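Two complexes follow with chain A in common, the first pairing it with chain B and the second with chain C.
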Partner chain A sequence: MTRGIGLAVAWFALIGCIVFLLAPLVVTVGVSLSPSPVFQLPQGEISWRWYERLGRLDGLLDSVLLSLQIAAFATAVSLVLGTMAAIAVVRGTFPGRETLATFLVSPLMLPGLVIGIAMLQCFRALGLRDALPSLLIAHVIVVLPFVMRTLTAGLSLFDFSLLDAARTLGLSYPKAVIRVMVPVLAPSFITGGLFGFLASLDNYPISIFLTDVYHRTLPIQLLQYLGESPDPTVAAVSTLIIAMTALLLIVGDRLVGLNRMAGV
Partner chain B sequence: MEAHLDIAGVGKRFRQTVVLEDLSLAMRKGEFVSLLGPSGCGKTTLLRILAGLLSPDGGRLHLAGRDIGRLPPHRRNIGVVFQNYALFPHLTVFDNVAFGLRARGTPREEIAPRVRRLLDMVRLGPMASRAIAQLSGGQQQRVAMARALAVNPELILLDEPLSALDRKLRETMQVELRQLLRELGMTAVFVTHDQEEALALSDRIAVMNAGRIEQLATPAEIYARPASPFVLDFVGQSTALHGEVVEAGDGRLSVQTAYGVLRAQGHFAKRARVLVAVRPERIAPRPAPDAEWTGIDLPLAAQTFLGSRRLLHGHLGGGDRAIVELPAETEISGDMLPISWRITDTLVFPAPDVAE
Partner chain C sequence: MTRLGIGWLAVPACVFCLLVFALPLALLLLESLRDGQGWTLDGYRNFLGSAYSWQVTTRTLRLAVLTTLICIIIGYPAAFALARARGVWQALFVAALLLPLSLSVIVKAFGWTVLLRSNGVVNRLLMASGLTDAPMRLIFTETGLLIGIANIFLPFMVLPIFSVIRQIDPRLTDAAATLGAGPIHGFTRVVVPLTMPGVVAGVTLVFSMSIAAYVIPTLLMGDRYQTLSTTIATSFLYLQDPQRGSVAGVVLLVLSLLVVGASVVLARKVRATP
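Presenting the complex of A and B:
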């Protein structure tokens, strides 16, 4: 009897969570398809007018491209740096490597705002005033922890004698890494890279300190639109982002398996 | 005749600990040599140095007339079967075996037939397209063999390749492995800490202890004529009694032990501390019948029944031990057994330091 009630509560909570998580997405997609110029769910009739407006929106395409470029760059750099750092942390015998490992994933735990302010001050102190390099560097810091986290997990299970085997079979060390370690760790690379990429694309609190008029990342641009002309164009953009994310996750799932991606 | 593999004066230390000490070993082409020794004596370290995965502090390495000491692993043409097999989990059985051929840029049309031939040799032909995770331990071991042999190496190194298998399977695999290597005329260094395995498979055994080779000889010689108390102890079982030489001359000795005076052969000074030993199957359950024999009265402690034979364990103190092997049907009564053996079967060593 009590067990039945417990189960019912659990089910209720689960459904509640799902609704709670999905509702904003559904509303966003709905609003983007509504002909009404205010935020409103479509009343019967569906319209693509906000999507048509996207092309004419000033600076939107630029910000999308900028964000994609930054995310791609930061992800690529993080994958290389993160792999090397993870190898050092997992294989090294130097003192303080635990601390180092925690330090390298710490940006995940710090408020973005803090990191943003810190980076701004740091860049200023170093005399770096250009928005683009600042953004690129800052986003490496956004992506790196994701890569570090999945790669240290992956590497701690990686059997390094595989590299020895590949070398005795005729590959030089660098080739052995590329032909054996990279494919074996592919799930970690894909997972870490994917989540890192999305985090960079999505980042607002750090970017906001580093942008200038010519370099606005997508989230910043969107927020500005929302402030200037709050019409459902923003919802249309969001819907496209949701679609892209879903696509990436599906690809990731095909390659790695969603469970494993969420797990590490 | 020039040695196929020549290891000369190789040493290795990690920080202060000396792991290999001025180690030399020469092997003929096609020879099967086991490195036998306790855990931590440096067997794997020596293999890694041979494979080029670890650089020695000094010494020279020659393989097939080539100085390989400075070559990286991928240019040495040495196959390695790793203790955990180190098979590539992302590749099929076929691709694992083909890995070395591809790494060397072997033409595509030569790869498939060669891989098939090797898989047939290790009886894995039908498994070519399996994933590694779908194989049993014994099958994985055979893939590792095939992969190492596929590139036709000058030398194959095997690091306890059978230790992960259960006893029954291990015995079958031993025979198979030996046959395969013999068919190919492959020179092999085989690491094991299982003395029976070493005795069963090897042309010669190098018994290692604390980074040195204590004895390098055929299995029969190692067993019958161990060069040191360590080898005596590590390979096979033995009765071993401490004593003091009380009479010496003409290569004949009398040794006073806690269980009486034993006669033996050897050249030792009077008063020298020695260890007198004999292998269990050399012992007869009776008093010494004539002057060619010598023996003691053995207080019995326990028996182990082994099917066709039985082992009797003596109840001795003070670092002495006794073990007698008899046919299973031998009747033993009482807790005292007179035992004796031929003087020519007696082994005498300078007594090892008390610390041992």
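Presenting the complex of A and C:
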């Protein structure tokens, strides 16, 4: 009896959770398809007019391309730096490995705005005033913790004697790493890389301090649209972002499996 | 390559993080201790001496505590149901958690501005169900803000608890029952302690992220509602008052470090008492 009530509460909470979590997404998609200019869900008729107006949004395409470029760069650098550091932490015998791992993951737990202003002041003091290099460097700090976290988890399950086996069979050490370790760790690379990539694409608190007029990342541009022209064109942009995120997750699911991604 | 040599692999990442992450934070600390003339504690004196700053700090903390509470009250039972779901259903539920988690905060916040407006969906539902006669003011209120923040961070509570529950052997509760424990006793004495690592992980994530939330408060409350995060942003971007911003930044940083530190201690404690 009590068990039944407990289960009912749990299922009720889960269904409530899902409805609650999906509500803003559903509404955004709905508003983008409604002919009404005042943020209404479509009543009967569906219209693509807000999508046709996407081209009129100033600087949208530029900001998308800039954000993709930054995220791709930051993810690539983080995968290299993160993998090396994760191997050192998992395999090394030096003191302070735990502290080192915590340090490299810590940007994820600390307030983005604080990191942002700190970087702004430091970069200025060092004479770095250009937006693009600042953003590229800063976003590595955004992505690296995701890669570190999934890779240390993945590596601690990796059987390193496989590498010795590969070397006994005549592969050089770098070749053994590429041919044996990389494929086994692929799920960790994909999961860490994917979530890091998305975090970089969505980063606002750090980017806001480092952008200039010519380099506006997508989140900064989006927030500006919301401030100045609150019409459903923003809903159309948001719907495209939802679709892209869903697509990336589907790819991730095919390659790794959602359950495994959720376990991180 | 020797095992001793492997430690060197961490050097590039370490140097990079020291230069781009640790050094700026150290400089920020110095900046908060300086004004035009020289070293001074005035920034902190002004901050700690101002009733407004205290109000902003307690508001930030209250927001984070309430968000964490809401997330755990909904998220804890939901994680149990999620762990019991089978096959396709579980995959669908996990997908329904992962999509909002991976999605841009700005997109979700935009969705909530639409949902919460006075002629928005939430108010229409409330009125249609007869719970209220007139539209409730939700946007630009703390209630609306809490709904929005809880929505953003809820998946970060559910998933860590879920991944712990998944590993609990269901035979443990049966064993407790065989030993004469009632269902409530078996649950609170056997299952709940086993889920604590997940709870600590979830609480840490949700608390440390909601204490630093910036996009959601700005979009759902506007500029007049100041938290530590919005104080930092306005001091630097509009008021050109780097000292005030740095001090608020250091305060927020210290609070976050305390949370992370507490979580490390708690996680150890939880692991030590099975």
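Criterion: the second predicted complex is superposed on the first by the 264 of 264 C-alpha atoms of A that agree within 3 Å, B and C clash if a C-alpha of one lies under 4 Å from a C-alpha of the other, contacts with A are read in each partner's own complex, and residues count from 1 in each chain.
Keep this in mind: a contact is a pair of C-beta atoms (placed from the backbone, for glycine too) under 8 Å apart; a residue touches a chain by one contact, two chains touch by 3 or more.
Bear in mind that the values here come from a model prediction, so they are computed numbers and not experimental data.
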Chain B versus chain C as contact partner of A:144, first or second or both or neither: second
When both partners are placed on the shared chain, which of chain B and chain C touches more of chain A: C
First, second, both or neither for A:61, with chain B first and chain C second: neither
Touched partner set for A:208, first chain B, second chain C, both or neither: second
Partner chain in contact with A:247 - chain B first, chain C second, else both or neither: neither
Which of chain B and chain C A:178 touches, first, second, both or neither: neither
Contacts of A:166 with chain B and chain C, given as first, second, both or neither: first
On chain A, the residue positions that both chain B and chain C contact, one per complex: 173
Touching residues on chain C, where the partner in the complex is chain A: 1, 3-4, 6-10, 12-14, 16-17, 20-25, 27-28, 31, 74-78, 80-82, 84-85, 90-91, 93-100, 102-115, 117, 119-121, 151, 154-155, 158-159, 162-163, 182-184, 187, 204-205, 208, 211-212, 214-215, 218-219, 229, 232-233, 236-237, 242, 245-246, 249-250, 252-253, 256-257, 259-260, 264
Residues of chain B touching chain A in the complex: 48, 51-53, 72-74, 76, 78-80, 82, 84, 86-90, 99-100, 103-104, 147-148, 151
Complex interface listing, chain A residues touching chain B: 159, 161-162, 164-173, 175, 179-180, 183-184, 186
Of chain A, residues touching chain C in the complex: 2-3, 6-7, 9-14, 16-18, 20-25, 27-28, 31, 38-39, 41, 81-82, 84-85, 87-89, 91-94, 100, 102-104, 106-107, 109-115, 117-123, 125, 137-138, 140-141, 144, 148, 173, 195, 198, 201-202, 204-205, 208-209, 219, 222-223, 226, 234-235, 238, 241-242, 245-246, 248-249, 253, 258-259, 261-263
